[in-house]
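To keep things simple, chains are lettered A, B and C as they appear, and every chain counts its residues starting from 1.
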Amino acid sequence: MGSRWRTSPVTGWLAAVVIVVVLAVALPGFTSPGFLTVSASLLVTAQLVLSVDLVFASIKQMSLVHAALMGIAAYLMLGLQSEQHWSFWAAFGASIVGCLVAAAVIATFVFRASGYYFAILTFVISEIIVLAFNNLTGIAGGSGGLFFFTTGTLFGLKLGSESVIFGVICIATLLMFGYVWLIRRSSLGRQASAIGDNEALARAVGMPVTWTKQAIFIASALPTGVAGALYATSVGAIQPSLFDVQLGVAAVLMALLGGSGYMAGPLIGAAIYVGLPEVIPVNPEVGTGIVGLLFVLLIRVSPEGVAAGLARLVRLLTPRKKPPSAETGAMVAAPALHQGPETNLRGVR
Amino acid sequence: MSTEVMEIRGIRKQFGGVRALDSVDLELDISQPTALIGPNGSGKTTLFNIISGFLRADEGTIWWDNQRVDGLGPRRMVRLGVTRTFQQRMLFDRATVAENIAVAGLAAGLTGAELRRRVDAGVDAFGLTAWAGRVSASVPFGVARRVAVAAATMSSPRLLLLDEPAAGLSDEECRQLDSTLRGLIDRGIGIFLVDHNMDFISPLCERMVVLANGELIADGDRNVLKSPEVISAYLD
Amino acid sequence: MVYLAQNLVDGITVGAIYVLIALSITMVFGLTGIVNFAVGDLLMVAAFVVYTLVQHGISFYLAAAIAVVAMAVFGLILERVAFRWTLTRPENGFVVSLGLILILEAAAVLIWGTTSRSVPTPLQGSIHAGQVIIGTSNLAVLGTVVVVTSVFLTWLSRARDGRALRAASENREAAQLMGVPTVRLTMIVFVTATALVGLAGALVTTYSTVQPFMGADFLLIAFVIAILGGMGNVLGTLIGGLVVAVVQSLAQGYLPLQWSDGFVFAAVVLMLLWRPEGLLGLRHG
């Protein structure tokens, strides 16, 4: 569908703004520390989901390893500053580079598997990485984790301050969403989406399929690295279990729930997963149960994700005349299909 | 218009106990549009798959451009100027018709203004202007056929392998496809096609090659259809 | 050598339980393409059911039987209410299973709290095979799993529904071309899958304590076994279970504890790279 490939931003961003506003109102006070922490966490998580969805929406592979890649960036960020006394920006750069390099290494062999096996392979690689975090006591603080509180300034503002970090995270989020938007529209993004749509045809028109998959995977590691580095800076203390498969799985969940392929999807997904439990005024156990119930209901009501549902709602509420040849997301207006003698290669869709 | 020849020598292919192709020898001259005909199950699509790099032959060689190309994958073959279309409906369903063609161009290395120009030209040449913005999954079969061929031309192939391009097309659509293919032939692109529609093939292809039970049983002009071997092959 | 044998004996018992869970995973995925991450928590529910029944004076064996039946019924309900509509989009089945995890764990915490409970084992004592000690309880568990698996395999190869199920799940490509699986088959697969996990949960109480978050520990290894055997392939799962039990026992016996899991993972990675379809893989039509 047009809306899946070249995402139409308007309705998506509208949805995202609505959610952010609602959260801002619901949480007690805009400038209270609680809000900043949750929002920072939300935005950082959204970047992670953004990365995962860049891969999933295009080549249709579920990566469970991005959470561990985020961990690599986080550990580099705090480790280089605390152990090696690097400056904030040097460590920031190195974390991102480290994350990209790790992604490149993984990309060299991970695409030998496809479909479900790809997901499992990334699952296993993720576990290995987290195990490494746990056991390399010399480099990372071992299972005790690592902590470091940033000093230094950015344009005269203290980096250690929570609101400054939050500001940096906001800007980074905007930049990363812009980056992904550009990637999706680029030659790489379009070819990657083609691969996810019909890989055999992609090969038949001469596309370098494996290389494209690798490239999109590595490209997706940039927002992950940024998220990891900034998350580590904002909380100051990390441990291996933060970046295990549970987060990896949650990221995929958020991508699906929010709406895969939609720019606002990661924000919505992160808002539901991270923000919602904070907002429900009941005790934690009941809260998680309700959130679980919500997942089931939401995905039932809108199987293509909340962003899709909202987009549909907006379309319903704003009727306009469309010329017949314009890009239509729905197939309602299409003439009746008449199938040729051969059946569709992929059967029921 | 240079004369380029693809030399196919001794191609054999077996699937389990079934011999799909048995020692096929063929010289394809791109200046001569050629049709591959034969009863169902005679191995035509298998031959296409092997030539285009989707399948490896058990034995035999293929020479093109002064090099051996058997065993190279589809991507390399496209780079060498050999592109194929499919018998089934094969499109990027979720993308628009224009994007289908554009992506093929991207894969061939076209970008920017050049890409847009070529896409517009392709849309125009194949009569797809009214369909350009439509999502491919919703276009009728005949249109889908044309989109597939249009996409295949984006890599500027020197040899186009078309697997049943006219199947499911109405008479009018066949006429349109015929004139489009003639345009390609005029530009020096070699056409090697498989089809059953004789009314479509005859005017277009001077040369007919007949495959039956994996063997080439006839090779000549339209008159081969009248030869006894060919007739009995179809009747069996 | 004795050390190795002892390790193997201990490992195989636990492995037997993992195999039940892996069978559950592989059957559901094979037919529907749904990855059910909630199997660990379904096991947890079964374990708690056994605990509660035993607390009320019911014999362990009866409690176990009731738990299995209860889980089967639960599976029927889940299929109808939560999963049926995801057949056309199995990745949403995955989402539903994740939601289910949260719901089940929340419910468990609310009903039973977070403290670990233990269920008194009906079988005590052990036998000695040379210098290797085999707990009677372990033997019973292993025996039960062997019997149940044999019955299950027989059903898969003889009964009409069983054969339909096996055919559909082992040849997903062909099954996909035929469209969405029938309601009947889907119901059967869910009921069977939850019953298997229910049995696993009951058996687990013989050697482990029960708490709301116990499911997670079983999830990873069970999935590894299911994949190793080739998703959808029942025989492969059994072999995979054996292989994993052996590899894990060896690893735990000879490597420092924190690396033993890593060893199993690395082995799985290498195997997947070598044979991406799993040991026996899916047969393509």
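Couple of notes before you dig in:
Just so it is clear, a residue touches a chain if its C-beta (ideal position, glycine included) is under 8 Å from a C-beta of that chain, and two chains touch if they have at least 3 such contacts.
Note that this is a predicted model, so its numbers are computed, not measured.
Centrality annotation: A (chain centre taken as mean Cα position, compared with the mean over all protein Cα atoms).
Ranking all chains by how far their C-alpha centres lie from the centre of subunit C, first place goes to B. Between the Cα centres of subunit B and subunit C there is a gap of 50 Å.
We define each chain's centre as the mean of its Cα atoms; on that basis subunit A and subunit B are separated by 41 Å.
Per-chain Cα centroids separate subunit A from subunit C by 31 Å. Put simply, subunit B touches subunit A in their complex at residues 52, 54, 73-75, 78-79, 83-96, 99, 102-104, 106-108, 111, 130-135, 137-142, 144-145, 151-152, 154-155, 167-168.
Residues of subunit A touching subunit B in their complex: 1-2, 4-6, 187, 190-191, 193-194, 197-198, 200-209, 325-329, 331, 334-335, 337-345, 349.
Of all the residues in subunit A, the ones that touch subunit C in their complex are 62, 109, 112-114, 116-117, 120-121, 123-125, 127-128, 131, 134-135, 245, 249, 252-253, 256-257, 285-296, 299-300, 303, 346-348. Of all residues in subunit C, those touching subunit A in their complex are 29, 35, 37, 82, 85, 88-89, 91-92, 94-96, 98-103, 105-107, 109-110, 176-180, 220, 223-224, 227, 231, 258-259, 261-262, 265-266, 268-269, 272-273, 276-278.
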